[in-house]
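See below for the structure under consideration.
Chain naming follows the written order as A, B, C and D, and within any one chain the residues start at number 1.
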Amino acid sequence: MVLNIVHPEVDAVLICSPTNAHADQICAAAAAGKAIFCEKPVDLTLAKVRQTLSLVEDAGVPLMLAFNQRMDPSFSAVKSAIEQGRIGTLRSIHIISRDPAPPPISYIKSSGGMFLDMSIHDFDMARHLAGAAPIEVYARGANHIDPAIGAAGDIDSAYIMISFENGVTAMIENSRQAAYGYDQRLEAFGSEGMVRAENPLKTTTVLSNAEGIHGDRQLDFFIDRYTESYLREMRAFVDALKLGQPMPITGQDGLEAMYIALAAMSSHQERRPVLLSEC
Amino acid sequence: MVLNIVHPEVDAVLICSPTNAHADQICAAAAAGKAIFCEKPVDLTLAKVRQTLSLVEDAGVPLMLAFNQRMDPSFSAVKSAIEQGRIGTLRSIHIISRDPAPPPISYIKSSGGMFLDMSIHDFDMARHLAGAAPIEVYARGANHIDPAIGAAGDIDSAYIMISFENGVTAMIENSRQAAYGYDQRLEAFGSEGMVRAENPLKTTTVLSNAEGIHGDRQLDFFIDRYTESYLREMRAFVDALKLGQPMPITGQDGLEAMYIALAAMSSHQERRPVLLSEC
Amino acid sequence: MVLNIVHPEVDAVLICSPTNAHADQICAAAAAGKAIFCEKPVDLTLAKVRQTLSLVEDAGVPLMLAFNQRMDPSFSAVKSAIEQGRIGTLRSIHIISRDPAPPPISYIKSSGGMFLDMSIHDFDMARHLAGAAPIEVYARGANHIDPAIGAAGDIDSAYIMISFENGVTAMIENSRQAAYGYDQRLEAFGSEGMVRAENPLKTTTVLSNAEGIHGDRQLDFFIDRYTESYLREMRAFVDALKLGQPMPITGQDGLEAMYIALAAMSSHQERRPVLLSEC
Amino acid sequence: MVLNIVHPEVDAVLICSPTNAHADQICAAAAAGKAIFCEKPVDLTLAKVRQTLSLVEDAGVPLMLAFNQRMDPSFSAVKSAIEQGRIGTLRSIHIISRDPAPPPISYIKSSGGMFLDMSIHDFDMARHLAGAAPIEVYARGANHIDPAIGAAGDIDSAYIMISFENGVTAMIENSRQAAYGYDQRLEAFGSEGMVRAENPLKTTTVLSNAEGIHGDRQLDFFIDRYTESYLREMRAFVDALKLGQPMPITGQDGLEAMYIALAAMSSHQERRPVLLSEC
């Protein structure tokens, strides 16, 4: 299948394969001179990511890395509010991201670990919202959900504090399980206000009875929750290609988020705040 | 007790007695030249209300009628939004007012009927929000709750449509019982927007679980729901007295709301829209 | 185009043409023995609707009439709550349906009037939720928005009260224009509780600043608001066909809603409550 | 004034004086054998707190320390939900506490610093909700608001992560200023659900217009926000006295919260997680 991409009518390649195939497929597409859209991450090892991005750069082809959550209408409205100065000078960011249920242990084992696999979305989001480089990370992991996850050498719950160059602090919680559904929330606090994105619910129906008021469940998982963001990221990729504009999310963005994940891993293991400059 | 009001140190009389004592007490207070604050209604018969108000006018004493709901912070914010033009030209009003549980049958029997006893608050509110004279009323009553209420010659549910001189239409529902607590809501719709007052809840606590989200109950009844409005109406009465300003709610307001109630009664009995000019 | 429907591989015909083509296309499809899905209404004249439905019945083909709003996830959750007894015995229904902006005058002129064109969705919904036959309608129309609508012989605002056989009362407001977007709300009140469907917003983002809290706009119009209901009604049609089950919404449903609309027109013109038995 | 407390008709002493008077007044009341209610903190120095509490213990008089926020109806509903097992096994706690505006610099100077003065409420709340002893604290302070606060040697923003013995993690943000009003929110996440307490607003009024929906401001400050909690804590004190039951919040609770504050101060200064066992 990779061979077909050399066809002259192919302008761009969309890589949505398992992570361990990404780097090779990116290289093949770059070698064929094609624009590339790739699901995160480029790879789980820093060396291979750097090598792949360097090769893409040499090939001079555009590469968009799919941090789809940036394109979520509610989350991008938070970003816009910050950019438009509606909350003044940004001071802090809160992100809560909880999956409804943990993936199979087999997935956990080849995931690169919770920070690289799951938290990385929030690391990218925190960088994106902060609009500055991260300086220091303090991270704590825990095992609350399934002992098999711990036995596989991973954590299932993460608590992270990131300090950015511009004085912004991000506080992030991740959990591999939430009994009430997929929980994806953002908050940005600044000198003039605060802006939040709450979880959309399945319906707007509310029942009032003798016990109180009762609303519907949250959306089940990323397929429902981020439908619109997937459409928007594809549109953004195609638009950037057509207009010859820079990609909205780049391989470098993937690399930067990866540095935060690696710092978080070190912090968790060494129980101390870790400077990004150590990575 | 009425005798004491002639004391020169008494500036004003607050009448919070049962309805059938109101007219006499108002007359006594007026005769003594005292300012008067009286719970609604002045009386259940039109003739006595007119006679009492005429006597008050002759005595030249200020009279405030306690339609306390006008002073509720949320409801008065609705009125302010209308007055400030924030919804443009007013087109329609919706009021839902449901008690948690019906009063005793003994109370029902001497209440003057649901329209005069309960709906009258909403008739006053509709007039207040519409800012115009009512022209026509169409009302339907029903018995959904307790057959004893029907046996006592009253209804326990009411559905009312009022047309005002300025083209505004009000739709009102009243119920003597709501399993989920005291339900008091307003909505005003205009050419530029809509403004609503929702029910406050006992706490802001929300539980999310596998069934959905769950908030607290509404406040139980008028004592909790309208605490602030009672304080504000007393402050408004005293302020008006001190500053020599007109009373914010007058006996005439009581009379006008009573006309709507009487039109609603006729409409319900005769199953036809009734003009206020018929009353 | 109609001719092609006789092709043996055609199982069903979807009629989404202008209203004045519906009856003929239904007849052609019925004559060809095809299952029929048709946008509401069958026709604007009672005689032609009856004649068409009779012909469909004789042909023995299934016909689904597209009152899509019944399939809206939030509205069907309201219906489910009623059916499951979660609000006890139903007492009343409130429906507010306001379009963002009026259609062109040319559309108004051939629409059959606001009751038949717009309110009919709510008449169907009221019937659907009430689960009983309507007995009486009282309706008031008004012109608040564009004098050209009045000049075209139509109203742009409607206020309707419907009494059902089982004692349920429905209060409905319609407006051809709402400055804040497409407003589509339902409320059902019963002996044990109340269930409401509120308007979904474009995003869940909320800004808090010195003026208060600020949420996003409502969805713009039916294309956004009812996307899911259109998918669901098509699925329901296909499922019913495959399983040989009765259509979830029938031509008879269209006829019943039409009777309410005609009663509402008479009520508005004659300024009196109109019995369905008069139609 | 202190002298009067020996009067035999005095059963209890309420100490609501400036912090630097607390210890002496507690000692005087204890010496007089009176029950004591004291605003937090007992003192700003650990030695004096220990000494005072020891003296109270020797005197055998009850002492209630006024962490009033525990008595807030919404916050105590969060605690109840945890205790009743409604969210299963507790995993994490989030607290955001932001004042509307910083106190005067003179107050800052004698406050003991932000951790001891402001965050201490949240340290107590985190302990209260976690239901376990804290083990480790990681805290970062920042100066975002007023350089004069930094010049006075204090911070105006704090970000804190606390690990508890039972595996629970608390993430806390404090700010001395929020443009949108007093922001006091809690969230507790567990294996079966999540429970949150949101900010009450001044009214329930919501305006919908072309820009979106607009709600009222949050309550201004602790006097409005915690009115009910002050009433409840006084009732709880009197009830405990009358019934001879243990005080619901004790001097020991004050001491434990103080240890967290001291650990936070060390953590912030030394830029490392600090064990409670180091204090």
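The rule is simple: a contact is a pair of C-beta atoms (placed from the backbone, for glycine too) under 8 Å apart; a residue touches a chain by one contact, two chains touch by 3 or more.
All of these numbers come straight from a predicted model, not from anything done at the bench.
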By that same contact rule, can you tell me which chains touch chain A and chain D alike? B, C
Compared with chain A, which chain's mean CA position is the farthest off? B
Using mean CA coordinates as chain centres, what's the gap between chain A and chain B in Å? 55
In whole angstrom, how far does the Cα centroid of chain B sit from the Cα centroid of chain D? 42
For chain D, what residues touch not just one other chain but two or more? 179-180, 183, 192-194, 208-210, 216
Quick check on the complex: what are the chain A residues that touch chain C? 73-74, 77-78, 81, 86-87, 192-200, 202-210, 216
Chain A - residues contacting chain D, complex: 88-89, 91-92, 94, 96, 98, 138, 140, 142, 144-145, 157, 159, 161, 163, 167, 169, 171, 173, 175, 177-180, 183, 189, 191-194, 271-273
Which residues of chain B touch chain A once you look at their complex with the stated criterion? 179-181, 183, 201, 208-218
